[in-house]
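Okay, so chain A shows up in both of these, paired with chain B first and chain C after.
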Partner chain A sequence: MKLTNRSKVVSNKEQSAMEKMYLPGILKGMMITGSHLFKRRATVKYPDELRPIAAVYRGQHVLKRDENGAERCTACGLCAVACPAEAITMESAERKKGEEGLYREEKYASTYEINMLRCIFCGLCEEACPKEAIFLTDRIVDVEFEREDFVYGKDKLVEKVDKRVDVTKRQTIEVAEFKKLPGLKHNQVFEGKKLKH
Partner chain B sequence: MLSVILVKLLTCVIVFAISLGVAAYATLWERKFSALLQDRVGPDRAGPKGLLQPLADGGKMFFKEEIIPNVSNKFLFILGPSLFMVTALMTGSVIPWGKDFSTASGNVYSFQITDINIGVLYLFGVVSIGVYGIMIGGWASNNKYALLGAIRASSQMISYEIAMGISVIALIITAGGTLSLREIVAQQDAGVANVCYQPLGFLIFFVCALAETNRAPFDLPECEAELVGGYHTEYSSMKLGLFLFAEYINMFISSAVMSAFYFGGYNFPFAQELYNAMGLHEGSIWISIIGFGAFFTKIVIFICVFMWIRWTLPRFRYDQLMNLGWKILLPLSLLNLAITVGVEFLRGNLHF
Partner chain C sequence: MKVTIDGIEIDVPKGTTILQAARMIGPEVAPPAMCYYTKLKTSGGYCRTCIVRVAQGSTANPNPMPKPVASCRTEVMDGMVVENYTNKDIVEARKGVVEFLLMNHPLDCPVCDQAGECKLQDLGYENGSEKTRYEFKRREYEVIDIGDKIKLHMTRCILCYRCVKTAEQITDGRVHGVIHRGDAAEISTYIENVIDNDFSGNVIDVCPVGALTDRTFRFKQRVWFTKPVDAHRKCDKCCGKTRVWLKGDEVVRVTARKDQWDEVEEFICNSCRYDHKKTSDWVIEGPSPIQRNSVISQNHYQNLNELKLKLLKQQNALGFMPIDKKP
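On to the complex of A and B.
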């Protein structure tokens, strides 16, 4: 019984005199390999040359600060809930008096860790975040020797005040509008009240 | 007398250096050329454009750990690669690299180490000693894979040397019965290369040369898929390097022999017209150098064809190899010989 149409009848017939000489076959083969001399090389010399990366490439995360330099993250945990790989953990703390310049709202993440070995770079954390605090960037996660080193804490994730990470390509008006869609979890109305974080 | 020895010594050193240099850069070009045929870039990290890659490879080979198996015969184990290398280098001594030139004082110097009148026989003798290097190395390793590789190498070389020898006999008859390489090249001076008279002979010689140098598609002695590394399975460090390197020297020399036998060596079309146009007189060193350049170009082309074939064809099966050698090449070379003898007899060049 034929299951597919792809099966072929194998022929095992004697070679003809021409085929036994091998020469025409060899010349034909050499023409094929020879034609590849003039074809374009597929190689990208990686550290010297970089492949163009899409503006919305999903690489290493960044925790954004607002325009005053205060951390936007409020440790709501929606990113951790959204994360299908369970790569994100955090602990929250209450903002003390005098820390207003450091944290934007009363609650903040005292620790925030992403395990880059678990992360699948799907971008759901970014999508879930109501505070526009976490973004994926076009940076590539560094190579490390120890597994522990792949657990990125706030020291690596939060952007430096003097060295902001540009996410304008991702943080467009369309994205901002999208975040207000009522269908999204953080915009859903729960028992008559809008969920507050 | 002293000056003769000095000049010969200098020629020896130059030929030695050229053989090694060409072999070194052939390893690089092999990798580069295979990369070009496969749409890759190839080695380009060591030095500008990767030109220092052979040095890096050699350095790597020297610093690798040298292992001599306990069960091996140590003397033979070391003798194997040395013999292979020495015979590979020895073959270069009879090849006429360029025309003789004379200095103002009337001394004539030649671009050849020695012109022995049985050059072709010498060449074949030395080449067939080369297989002893492989055999001794494979035997001394005391390893079944190595032994199988060595056996394959020797039987393959013996089989193909017959067809090769017979095709060369036909060539010698056309070349006027001389066994001296210098005379074989010199009689192609008229502008007609021997390949025009001996196309079939050249083809047989070329196929046999591939088999003799253990190049693909006849690289069964070192067939990785079946024999791990073949005869050099147990070798490491520079002794492995010698084996691999000698293969490239063999390739260089057999390209040189083919260009000398069939493609006129240092002669090229319209050579005399060019020399006249440049105002060069017979015996000028520039004639020798231009001739050497032409010879070298032919050699490089042959090396490229060797590599082109290697990266195009899959390896022969062992029975196919033997069939080709004994049932096709040998009868063809005999036929070629018979035709050559008949034609030369009718032309009146043969006397009994």
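On to the complex of A and C.
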């Protein structure tokens, strides 16, 4: 009984005189190999040469700071719950008085870890983030020797104040326009002052 | 008394409200309620989310009621015909009510501890619209500590009066209430008086939003990372039956058990709520029932825990004992 139609019946018939000579067969094979010398190469000389990548390439994450340099992440946990690989963990803490320049909201992530070995770079964390804090960038995650080095903490994820990571290309025009709406003003930083009616 | 809600007929005793009758039928016809609370007398009638249309007042007077009525405060009549989700106008009107409730509500769900178990969040998700049309400054208040255990975020309050009624009816002396009127109304205490009573913590549980939150749980965990289990302990002040929220083996929060309508089954005392935060204090009964559409069910623990319990039961039945504990 045949399981598929693709099975081949192997014949054990004798080789012809031409096949017995072997040399034409070898020459034919050499021709194919030789023709590849003149074809375009499939590889590039990485890392001297880099392939072009898309502006929306999903590489290493960045935790953004706002225009004043305060961390945007408020440890809401939506990225962690959206993460299909369960790569993200965080702990939150309350902002103390005088730390308004460091953290944007009254709650912040005291620790924030992404396990880059678990991460599948799907970008769902970026999509879930309500504070525009986490973005995937076109940077490629470094090679490490130890497994624990792949667990990126805040020291590696949060962008440096003087070395910002540009993510403007990742935001569509629709998002940029949406943010300009006057109705979104209420979502701006609450200064902790009581307002008189 | 026979009453028909959304085409489903039910026989209810006299004095039942439309909301209660609808809840007897089931969640598919029951209107949402933000201020009404079965266990608190005179609650309801403030938020207007439970509005329904009465298409026929009774068999004696088959005229419809002229306006949508608050179902939590309207008693049924024999032969009454009520339209809730089947009436497009009511669905639309409720959308308007939700918009009003959300008008002054801050969009700080990422910060709020109630997120994930917030009734206003659910209500907004089910009935509200995606965008706000409100362009003016929302009312803002400073965050106040009411005692060392409760935090009041007045900005999030929707003035449902549930906490006031709880303090009045469950505790023996209320020190907080609603001051001012209309748009300026706010929950307040006598000059930040401490709510100091054995049952004062229940105001946290009855609050449908994140206006009153537990300070011992403040910013500790998001609710969907914790695992709710039903547990009990011997308590001389209350029933001792609670819901313990675990993160790993750590008890991060203790609340009262809530039923299908998000109402407390039995009120618990402050000692159970705040002072017993060790797993050894509690006898754990098993995972709490979590609705499938709740974000808490995202942590997929329920089945796993059930399996573990089943395994434990089997082991007990077999007289199994871990090797290191064998005599």
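As a working rule, the second predicted complex is superposed on the first by the 173 of 197 C-alpha atoms of A that agree within 3 Å, B and C clash if a C-alpha of one lies under 4 Å from a C-alpha of the other, contacts with A are read in each partner's own complex, and residues count from 1 in each chain.
In this section, a contact is a pair of C-beta atoms (placed from the backbone, for glycine too) under 8 Å apart; a residue touches a chain by one contact, two chains touch by 3 or more.
Note that the structure is a prediction, hence the values are computed from the model and not measured.
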Partner chain(s) touched by A:92 [first = chain B, second = chain C, both, neither]: second
Partner chain in contact with A:45 - chain B first, chain C second, else both or neither: first
Touching partner for A:74 - first (chain B), second (chain C), both, neither: second
Touching partner for A:30 - first (chain B), second (chain C), both, neither: first
Per-residue contact with chain A, leading partner among chain C and chain B: C
Which of chain B and chain C A:101 touches, first, second, both or neither: neither
Where chain A meets both chain C and chain B, residue numbers: none
Complex contacts: residues of chain C adjacent to chain A: 106-111, 115, 131-135, 137-143, 183-184, 218-222, 224-225, 295, 298
Touch list for chain A against partner chain C, complex: 74-78, 80-81, 92-94, 105-107, 130-131, 182-183, 185-187, 190, 192-195, 197
Sites on chain B touched by chain A in the complex: 36-41, 44, 203, 308-309, 311-313, 324, 328
Sites on chain A touched by chain B in the complex: 20, 22-23, 26, 29-30, 32-34, 36-37, 39-43, 45
